[in-house]
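Structure provided below as structure tokens; questions to follow.
Going by the order they are written in, the chains are A, B, C and D; count residues from 1 in each one.
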Amino acid sequence: MKKLINKPENVVKEELEGMALSYAGMIKVNLEPKFVYRADAPVQGKVALISGGGSGHEPMHGGFVGKGMLDAACAGEVFTSPTPDQMLEAAKKVNGGAGILYIVKNYTGDVMNFEMAADLARAEGMKVQNILIDDDVAVKDSLWTAGRRGVGATVIAEKIAGAGAEKGYDLGKVADLCRKVNANGRSMGLALTSCTVPAAGKPTFELGDDEIEMGIGIHGEPGRTRMKIKSADELTEMMALSIIEDGDYSRTVHEWDDKKGDWVDVTLVNKALKEGDQVIAFVNGMGGTPNIELQIIYRKLHEVCGKKGLKIVRNLVGSYITSLEMQGCSITLVRADQEMVELWDAPVKTPGLRWGI
Amino acid sequence: MKKLINKPENVVKEELEGMALSYAGMIKVNLEPKFVYRADAPVQGKVALISGGGSGHEPMHGGFVGKGMLDAACAGEVFTSPTPDQMLEAAKKVNGGAGILYIVKNYTGDVMNFEMAADLARAEGMKVQNILIDDDVAVKDSLWTAGRRGVGATVIAEKIAGAGAEKGYDLGKVADLCRKVNANGRSMGLALTSCTVPAAGKPTFELGDDEIEMGIGIHGEPGRTRMKIKSADELTEMMALSIIEDGDYSRTVHEWDDKKGDWVDVTLVNKALKEGDQVIAFVNGMGGTPNIELQIIYRKLHEVCGKKGLKIVRNLVGSYITSLEMQGCSITLVRADQEMVELWDAPVKTPGLRWGI
Amino acid sequence: MPATIGDVVKCLAKMCDVLHENKEYLTELDSAIGDADHGTNMDRGFQAIAKKLPDLGDTDIGAILKTCGMTLITTVGGASGPLYGTAFMQAGTALAGKQELEPGDLLVAGEAALKGILMRGKANLGDKTMVDAVTPAVDALRQALAGGAKAADALEQASIAAETGMKGTIPIQARKGRASYLGERSIGHQDPGATSSFLLIRTMAEAAREIGF
Amino acid sequence: MPATIGDVVKCLAKMCDVLHENKEYLTELDSAIGDADHGTNMDRGFQAIAKKLPDLGDTDIGAILKTCGMTLITTVGGASGPLYGTAFMQAGTALAGKQELEPGDLLVAGEAALKGILMRGKANLGDKTMVDAVTPAVDALRQALAGGAKAADALEQASIAAETGMKGTIPIQARKGRASYLGERSIGHQDPGATSSFLLIRTMAEAAREIGF
């Protein structure tokens, strides 16, 4: 393992210390327990957005903290969900009195820890909603698995919901917005190489010189299929079609019902994309992929979307949800209406995403 | 070689096609010959900044085209200087009547091609200045080598000179500003892994599992020394000290003398950094380095600068001058006065660097 | 002889050591069908427990187990943190106020722990998770105790059942947790969480034997 | 027999082939002390020339060489583009208007080409660049022609001298171009540009032999 680190067990702490120095003015960092929060938190009267997850996906999530996006992000160990106490302390720090939205990527660990955190935060008198992101079409069904993973749609959801909160939407409306982005989002990824978890010291998996993992997870979980590498155009088309041709996706999730005062099972359906839809297109690098390759992929994605009657109204190309140094990429398409596009365009000022201010 | 590309010979063309689509509104792309230019070019009455170099260093330079930075960037083949006809056509396209500044990284090929381009542009009646960037302290002397390479200071120079041009500075003043950034800038880099030039098909060099190249170039040129890997803190300190303790650096460069109407040899001296200096600190990833590691490096750099009496007044942390998928990093320090800091803060809107608009 | 607070603390200390020794092994299992962190996660949590153990002697066994649970919840993260954390919390609640343990208390605690895991993770038997090791272990414990076995022997039976359950995760397809994303490719690999569960139960059995429980 | 326009075109076509065959070899040399693109660069430029050759027959030799020079300048890039481009431009200028070549014209062209390379790159002999191959080649050509050799023999001498010069770049330290950054680590490696220069000169010698020049 060759990495520019000191001790593996200090990676996350030292990273956060670096961020506190390099983005002073935009964010602040709490080390015990670990979370990043808006320098101007709490913003009174604004719904506070909190996300988090394992580290190693930078700039997600700490890099998305700031005006117009997240109020706080909880950093777990590398690829390990953070713990409820982090989420609770973050909520206390950024609570502006209008409620807390926990944005949770659908992984067993994240879901359980954020549910515990929500219970704790409610016990302290806060209004809390947990919204799941589960957009990864590589996971086919939810009956036989832990359900689709949360990947690329997370960035889009955090941006759009963050803009809604900034505009003054109340907790119910921000939660609806976040749920809506997720309901319209689908992603698919692949890896050319494995990543190496610092504490593990060696690559999570081995791939032959001409092999890729199609349907890779962002934690170096092996994908659904191992296959021979093909040209960028062919791989892009495969990923794009698996998103575009994915049917309606229905599953049951746990959400908090404020009236009942309890968690309830809710069945949600993501409607398949169809001709004429407007989409936000996101080509994401996994950390070790040069920009030059992401642009080659975007070029083909644009063509495939065109052929399938999808109109790309906004795009994002870059490494925003990474898996350490993994080489690979993912594609995310989010069907977007006018409100979503306007909120996407709204000013944002975070370490990882910035425009308009 | 595993890359997300189609044919190696089409990499640059397809990348530019992708950029034209993904950044429409910010930039436009010319394919024959290849260059990226501001969507609103030419900006009448403004000095036009043009840079360029081999591809594979993205976002540099095409990603720095836009309001507040470059007017055009010429993309060569991967790691190969672009050609004079590209530079000439770019100049014609973005010429706003106030002259052209070619910002040239000091590599034999770039220098020669840009000099030929300047001669051609002048023959077409344009006012042209070429300013060299040569900030890489890994190259010790200029007598026994082609002189120090242009690396990290390029980004800072393009940002600050671009802001000056946007403010209405005339060609002489913009050229002086660019020369000043370079005169105050120093960089040092290292690599953990080699990159693979697509057309070459295999890694440029091989490194052992515990080896790094200290003083690496951004084209995968081997560094000055191969050494055992150390901790991030130790490596950061080595790089930082080689910059901070570097003495005055003097060399002779070729500049155009408008009065004489000829190229002249000019001796320039970069004064060593000293206690009390204010600096812009830049930690750059080489393409395959996770953000998490760059923040760990920034954290230590901040400490070393503090110990040496340097005050970091601004910083930039991210992968801005890359070498394809190479894992590694570089550190750049630029001594900055008030004017430079203000111009650094000025709004910029490019694919790779954006704030304030 | 009933087990004392000191015995429980000793057993917990042993668990910390065993997980530390098996850190790489558990992470390796997790590399194959997960994200290569289970060993690191468990070790981080139990090392945090190890640090607290010296100060826990003058409370009660329920409180000790709850402290362990809380420690796991706040230091482990991932899926295993809330699951093991809840297990210890529930076991602690079940044994609230106890200064010593009778063999029957083991079953009370074990059933509570399993209930906690099921409540939190909603896995079914055969989903290829820690449930596949813990469920048969609790069953074996119940049966052995019902048959009049002493604690160490009953735990021995539980440990054997956990091991069988753990090995039983190899040929099946995961339906919960991260390994479920692999679909059929999860077949042929042993579940890391079932493995850590077995290790913990085996350690209890060994500790019981040593103290003559 | 003087060389005709057709002979020159044939010789150029042969150069294109030879560089194409040596593409990987030249890139490999450049990997060791440069940036792994010299073969690709030269091949890109000479393939562009190859495409134009069919249409160049009805101009003159000077114009043909200038077209080659311009093509190299606009397609090669890097250090070798301006250097070889200028060399061909200067040679073309020196042979402006010529419909056929006498042996002496070779020297005129060779000296002009070398002057162009020196003017553009400012390298000295011994800096470990193409200059180290071209300079002795032009010297050998001059000497052989002065001694009354026919063109093919004089070019043969030039080729031998270029090869010696090329090999002479191995034990020395680079002081110009990208290899100079390596300092002492550049020692022991053959300069890619000197190698492509030798290949071009050897090709000229072979072409001259074939056409009986």
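Going forward, a contact is a pair of C-beta atoms (placed from the backbone, for glycine too) under 8 Å apart; a residue touches a chain by one contact, two chains touch by 3 or more.
Remember, predicted model here, so these are calculated numbers, not experimental data.
A.B. asks: Which chains are in contact with both chain A and chain B?
C.D. replies: A chain counts here if it touches both chain A and chain B, and no chain qualifies.
A.B. asks: What's the overlap between the neighbours of chain A and those of chain C?
C.D. replies: none
A.B. asks: Taking CA centroids for every chain, report which one is farthest away from chain B.
C.D. replies: Of all chains, C has its centre farthest from that of chain B.
A.B. asks: Take the average of all CA coordinates in chain A, do the same for chain D, and state the distance between these two points in whole angstrom.
C.D. replies: Computed from C-alpha means, the inter-chain centre distance equals 56 Å.
A.B. asks: Round to the nearest whole Å and give the separation of the Cα centres of chain B and chain D.
C.D. replies: Using C-alpha averages as centres, the distance is 32 Å.
A.B. asks: Centroid from C-alpha atoms only, then distance chain C to chain D, rounded to Å. What do you get?
C.D. replies: Distance between chain centres: 75 Å.
A.B. asks: Can you list every residue of chain A that touches 2 or more other chains, as numbers and ranges?
C.D. replies: none
A.B. asks: At which residue positions does chain D touch at least two other chains?
C.D. replies: none
A.B. asks: Linking chains that touch, what shape results: line, ring, star, complete or other?
C.D. replies: line
A.B. asks: With touch defined as at the top, which chains are paired up in contact here?
C.D. replies: The set of touching chain pairs is A-B, A-C, B-D.
A.B. asks: Which residues of chain C touch chain A in their complex?
C.D. replies: 27, 31-37, 40-41, 44, 73-83, 120-121, 173-178, 180-183, 185
A.B. asks: Please give the residue numbers of chain B that touch chain D in the complex, ascending.
C.D. replies: 9, 33, 54, 76-85, 107-109, 112-113, 116, 138-140, 144-146, 149, 197, 199-200, 204-205, 217, 219-222, 224
A.B. asks: Inside the complex, what are the residues of chain A that reach chain B?
C.D. replies: Of all residues in chain A, those touching chain B are 2-6, 11-12, 14-19, 21-22, 55-56, 58-59, 63, 192-193, 209-210, 212, 229, 231-233, 235, 283, 287-299, 302, 315, 317, 322, 324-325, 327, 329, 349, 354-357.
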